[in-house]
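Structures for review follow.
In the two complexes below, subunit A is the common chain; its partner is subunit B in one and subunit C in the other.
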Partner chain A sequence: MSRRTRPALPPGLIMPLIFLLALLLPWIPLGPSSNYVLRVLTTAVLYMILALGLNIVPGFTGLLDLGYVGFYGIGAYTSGLLAIHYDLSFWWILPLAALNGALWGILLGAPTLRLTGDYFAIVTFGFSELVVLVIRNELWLTRGPMGLPGISPPSLLGHTLTKDWEFFYLVLFLLAVVLFVVTRLEDSRLGRAWFAIRGDEIAAQCCGINLIRYKVTAFAISASIGAMGGAFYAKWFKFIHPDMFKFWESILILCLIVFGGMGSIRGTMLGALVLIPLTEILRAVLPQELFSARYLIYGLTLVLMMRWRPAGLIPFERAQEALARRAEARIRSRRGGEQGP
Partner chain B sequence: MGPLHELLDQSSLFLQQLVNGITLGGVYALIAVGYTMVYGVIQLINFAHGEIYMLGAFLAYTMVTVLHLPFFVAFILTILLCSCFGILLDFIAYRPLRQAPRLAALITAIGMSIFLQNLALMIWGSQIKSFPRELLPAVFSRPALVLGEITVSWLQIFILTITVLFMAILHFIIHRTQVGTAMRAISHDKVTSALMGIGVNRVISFTFAVGSAMGGMAGILVGLYYNAIFPTMGYIAGIKAFAAAVLGGIGNVPGAMLGGGVLGIAEVLGAGYISSEYRDGISYAVMIAVILFKPSGLIGKPTGDKV
Partner chain C sequence: MKTILRVARLSKSFGGISALQDIDMEAREGQIVGIIGPNGAGKTTLFNCLSSLYHPSAGQIFFGDRPIAPEFSSKKKKLVAACALVFLFLSLLWTPIFWSLFVPGALFKVETVMLGLLLLGVRFFTFRGLRRFEIWAWGLIFLFLAADICLALFLGGRPLSQDRFLGTSLPLGWVGTPWALAALPFSLFFGLQLCTAPARRLFGFKIGPDAVTRLGMARTFQNIRLFFHLSVLDNVKIGAHCTMRSGIWRSLFRTRRQRAEEEGAEQEALNLLRFVGLEQRALVLADALAYGEQRRLEIARALASRPRLLLLDEPAAGMNPQESADLIRLIRRIREKGVTVLIIEHDMKVMMNLADIIYVLDYGRMIAQGTPEQIRTDPKVIEAYLGGGVHAPA
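Let's look at the complex of A and B:
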């Protein structure tokens, strides 16, 4: 039936195994550079979370969202401001930031998701630029270009997190939560509606899918994951600045999912795991002047991937096939549609 | 100082702002034309168009300072180079994706934009460059008209003349020539046009050439006007020009001109009277509002979805 060889491990075991390996990572002695490696990996995992969140909109639903970094910024500032002014614990801040992100996602999405794809892209871009402008100029709230220093680190059961491995574990935990949510969504009624919209909007509508409602849901969930990423970032880095949330970040995150495979969860994670450490290597290797032009590589990646491998490293279709196989096993009925040539 | 004097002061300030706004609007219109024509023909937001505008400024700057060409020679050469560049961009990046989903073309456009911007950063560095005054025609820095407090410089007149002139030429091309008719036909229906014997790819190349020529020209003019050439200049100007194109009604050349004018004035007045920090924000807000409430723009025709 299939030309592809099945993986030796049952697919349900791969992710837990990777997580187990990741948990062991901080204890591998790497000498003096081990903290640096951990910080790079924490960044990579953070970007995995962000990419998984963004993936819901262009990957699952097929709409180009250029304003994702706006939600990341909203989450980071929600987190930073709540920590500084109200001294809330991270475990309160996290859901609040996610809610705030979702709120803005709905506010932006409800009117704009009626638009055709490219208008939607440009409006989301405008939104993220407006977010940065507001952060930069509303000094009374955000201190603008002075940034927001002195954000307290998160704590767990009275113990304040300070070490690199503690943050690494925290971000891995968040990734596990997000990954759980996203994989469950992919295989749900909601996910199937999104894939239908991605495939053909008009056909989906004819099948009774309420386009706006499903698109807004996708956008809100994506926004709340972005905001959660921001909330973690603020608490981890302890300092945030409007320049951290510029349009470039959106491009970088988009690049991660295009590189890995748009719509494919594993591809998205692989994209972050490859490209984020690559950035760090470039930072170490290139002189400062050339490093500031590193986005050249991301731009080129986008162009080349679209030209020669639009489905990315781990194509979404294969993930879809796996889903279909699972469904097949469940229903134990003949699979609809014919296998391609 | 009496109240009358103050009132005069106020109104002359307003008029000065208006003149500046119209000049800026002319430049936006020149860039917007490139977006609007390409969108009209292949329904693609060519994000890299802003980068062609930036390249126009840098190329002219390099020709004037490094190659020591006279300004007007550099001006014309740059425009030609930019239009070749537009054709090349279409050929390399967009043509292979003509049959691909729109999302792919859009992502390619963004990728190209980022790529070119950073290429410029590598070649010319992040330092802000400006045309050396002594290498420019002396007339540019002289005021042409001084009416009380209001000054209109020759440069402003030059910009506006060029804008109006080229808009008129463009209008003529689109409505009175064969290639213009072909462009309009393609924007209606690409497949049928091809069946009728129109060389679709040739016409699309022509569209890119004309749009990029205008964009490059706008880049030089802005480089002169604001005295600032830098790698990210295309990114903001591009978005604003796109806003102008949408405001006027995308796919509509006179609309681009109108949209550019309105946006330029709104921006300058908004920066002068409301808040200079939100100068760029005004354009984004106008753009979002137009897309939300009147996506067909001021004088565009509403288009239904093609099923």
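Let's look at the complex of A and C:
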């Protein structure tokens, strides 16, 4: 039924294997540049988390969201402020930041998700700009353009994380959590309702799906994942500044999922894994005089991609076919069970 | 036989154009009811009104004994409803108005305005959004009342020299009591008005297409509206959405209940696909299906919500004689399952074979109704179809 041959490995094993390989990565001797590579990869994994979160709204539900970075910023500042003022542990901050993100997602989504298409995109864009403006101007809370320095690093069982590989492991753990959430939701009643809304809103309504409710749910979950990413970012970078949450970031994350394949989880992750290190690789590869042309190459990659694979590296349809294969395995095993003794 | 659907004096106009005028019709349990008419007669508009995609301009639709359309049948009622909404709005605006009257300058402080707007928005949207859920709305009214009373007690009992919200030293001690006293009757009266049964009968209410499906009325579309990028099985499982319950947490943790529910839905979806003859195609994407198969898949998806009434909008459009004969058999089998079928069709052969009773629409009016034999010989129908010709249709 699928055009490709089946992978030799059972599909349930691929992800854990990749994770295992990633866990081994810090121990590959790369000489003096090892920490640098690790930091780039940590950024890439962070963007994978963000892209997986954003993917829920434009990818699963089919709504263009240009204000994702607003939730990222909210998460980062929640994390930073809680760490500085209340000295909370990272493991408390993380769910609190996610909750705060979800809260703002609901507050923004409930009234505005009645809008369709472009209008909704404009509202989200406005929201992210608002977040930056509030951060910049409410000096008493966020110190505005002076930024928020001195955020304590996270700790685990009394041990404070400082080394690059420790942060890499931490972000991998977060990725595993987010991946768990999105894969479970993808193959559930909730996920199917999202896909239905993406496919055809009127038909979805006539199937008994309450549009607003499921859109707000998608928005809230996406926002909370974004805020989790922000919380990690603040704790990792130990300094946050309003300029880090500009509109450009939203577009970048959107590019990642468009590049990887909107609505497909693996595609989204692959997109982040390819595009985020690309600028760093170009920095190393390109000669000095061509160095500033790296964004040109970046843009060119996107253009070529859209020309040859407009649905992304792993298109939505492939993801749905994978889901169908999973269903097939389920049905087959159930039938086998029935026929057995 | 019980009446399952009753349409009373239903009208729908778009701007100045009236698509439907004073439609009266009825479907009894277990019947196959046909609706025919030339192109542009308003058949699909009628279906859209039934499934609440459009809200009728006048008239009422009863599904079982439940009204499912807003009942703005006269101008007077519309006026009353509009006045009530204005008063509701005013009652909610009362807080800022009160501040502006009794605390000079307070209204123009940014914080006050924002707080006032927030309160206003919260109340307005909760009242508006929760009108459908009576119990919730009752609860919220009491919550708001409690909030008002608490505010009155706190602000009224304690002379505040420094007010946080206003940022000035305004004597707010005496504000609370009169505010609450003034707001109480408004909240009470209009809140109750909007969510009790007599008020609803007066003002009408809206019910969305999703709620109509949940009540047991499913439909298909004239231009096929499947979820083309999803698998055939998932299409049917989405149709079963309102028969399932599990939400985020159950899906996240794959509780036993959720797994059992998913398994049941999957099994039922497969059964339905077998029922329409698509079980071999269950795991391909829906856009890989042939046209006739897509039509059947849409029927399976509609059946998955376990409807009591099924609306089919031109199911035989674009089918060859063999396929439409299969379709007739399928629709008969659906009726045998105990589902009432309401069907729009152009293909006269299908209609005459299938329907127990036929309604004929022309230019938004019901011009004839009766058994297929009566319709076949009705001069008005012949005129509508053939423009005063001599042959009976088909």
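Details
FYI, the second predicted complex is superposed on the first by the 301 of 341 C-alpha atoms of A that agree within 3 Å, B and C clash if a C-alpha of one lies under 4 Å from a C-alpha of the other, contacts with A are read in each partner's own complex, and residues count from 1 in each chain.
In the analysis below, contacts are C-beta pairs under 8 Å (C-beta built on N, C-alpha and C of every residue); 3 or more make two chains touch, one makes a residue touch a chain.
Bear in mind the structure is a predicted one, so any value in this text is a computation, not a measurement.
When the two complexes are overlaid on their common chain A, residue A:Gly208 makes contact with subunit C while staying clear of subunit B. Of the two partner chains placed by superposition, only subunit B is touched by A:Glu129; subunit C is not.
Once chain A of one complex is fitted onto chain A of the other, the partner contacts of A:Ala196 are limited to subunit C, with no touch recorded for subunit B. In the superposed pair of complexes, A:His85 makes contact with neither subunit B nor subunit C. Once the two complexes are overlaid on the shared chain, A:Leu300 sits against subunit B while remaining clear of subunit C. Look at A:Ser188: by the touch rule set out above, it reaches subunit C but stays clear of subunit B.
In the overlay built on the shared chain, the residue A:Pro111 is in contact with subunit B and with subunit C. When the two complexes are superposed on chain A, the residues of subunit A that touch both subunit B and subunit C are 111, 202. Of all residues in subunit A, only 58, 62, 64, 66, 111-112, 115-119, 121-123, 125-127, 129-130, 133-134, 136-137, 202, 247, 251, 254, 258, 289-290, 292-296, 298-303, 306-307, 310 touch subunit B in the complex they form. Those residues of subunit B whose C-beta lies close enough to touch subunit A in the complex are 43-45, 93, 96-97, 100-108, 110-119, 121-122, 125-126, 235, 239, 242-243, 246, 275, 277-278, 280-281, 284-285, 287-288, 291-292, 295, 305, 307. Residues 51, 53, 121, 125, 208-210, 213-214, 218-219, 221, 225-231, 233-234, 237-239, 241-242, 244, 246-248, 251-252, 254, 258, 261-263, 266, 270, 283-285, 301, 305 of subunit C touch subunit A in their complex. Residues 1, 110-111, 181, 184-185, 188-193, 195-196, 198-200, 202-211, 217, 221, 316-317, 320-321, 323-325, 327-328, 330-331, 334 of subunit A touch subunit C in their complex.
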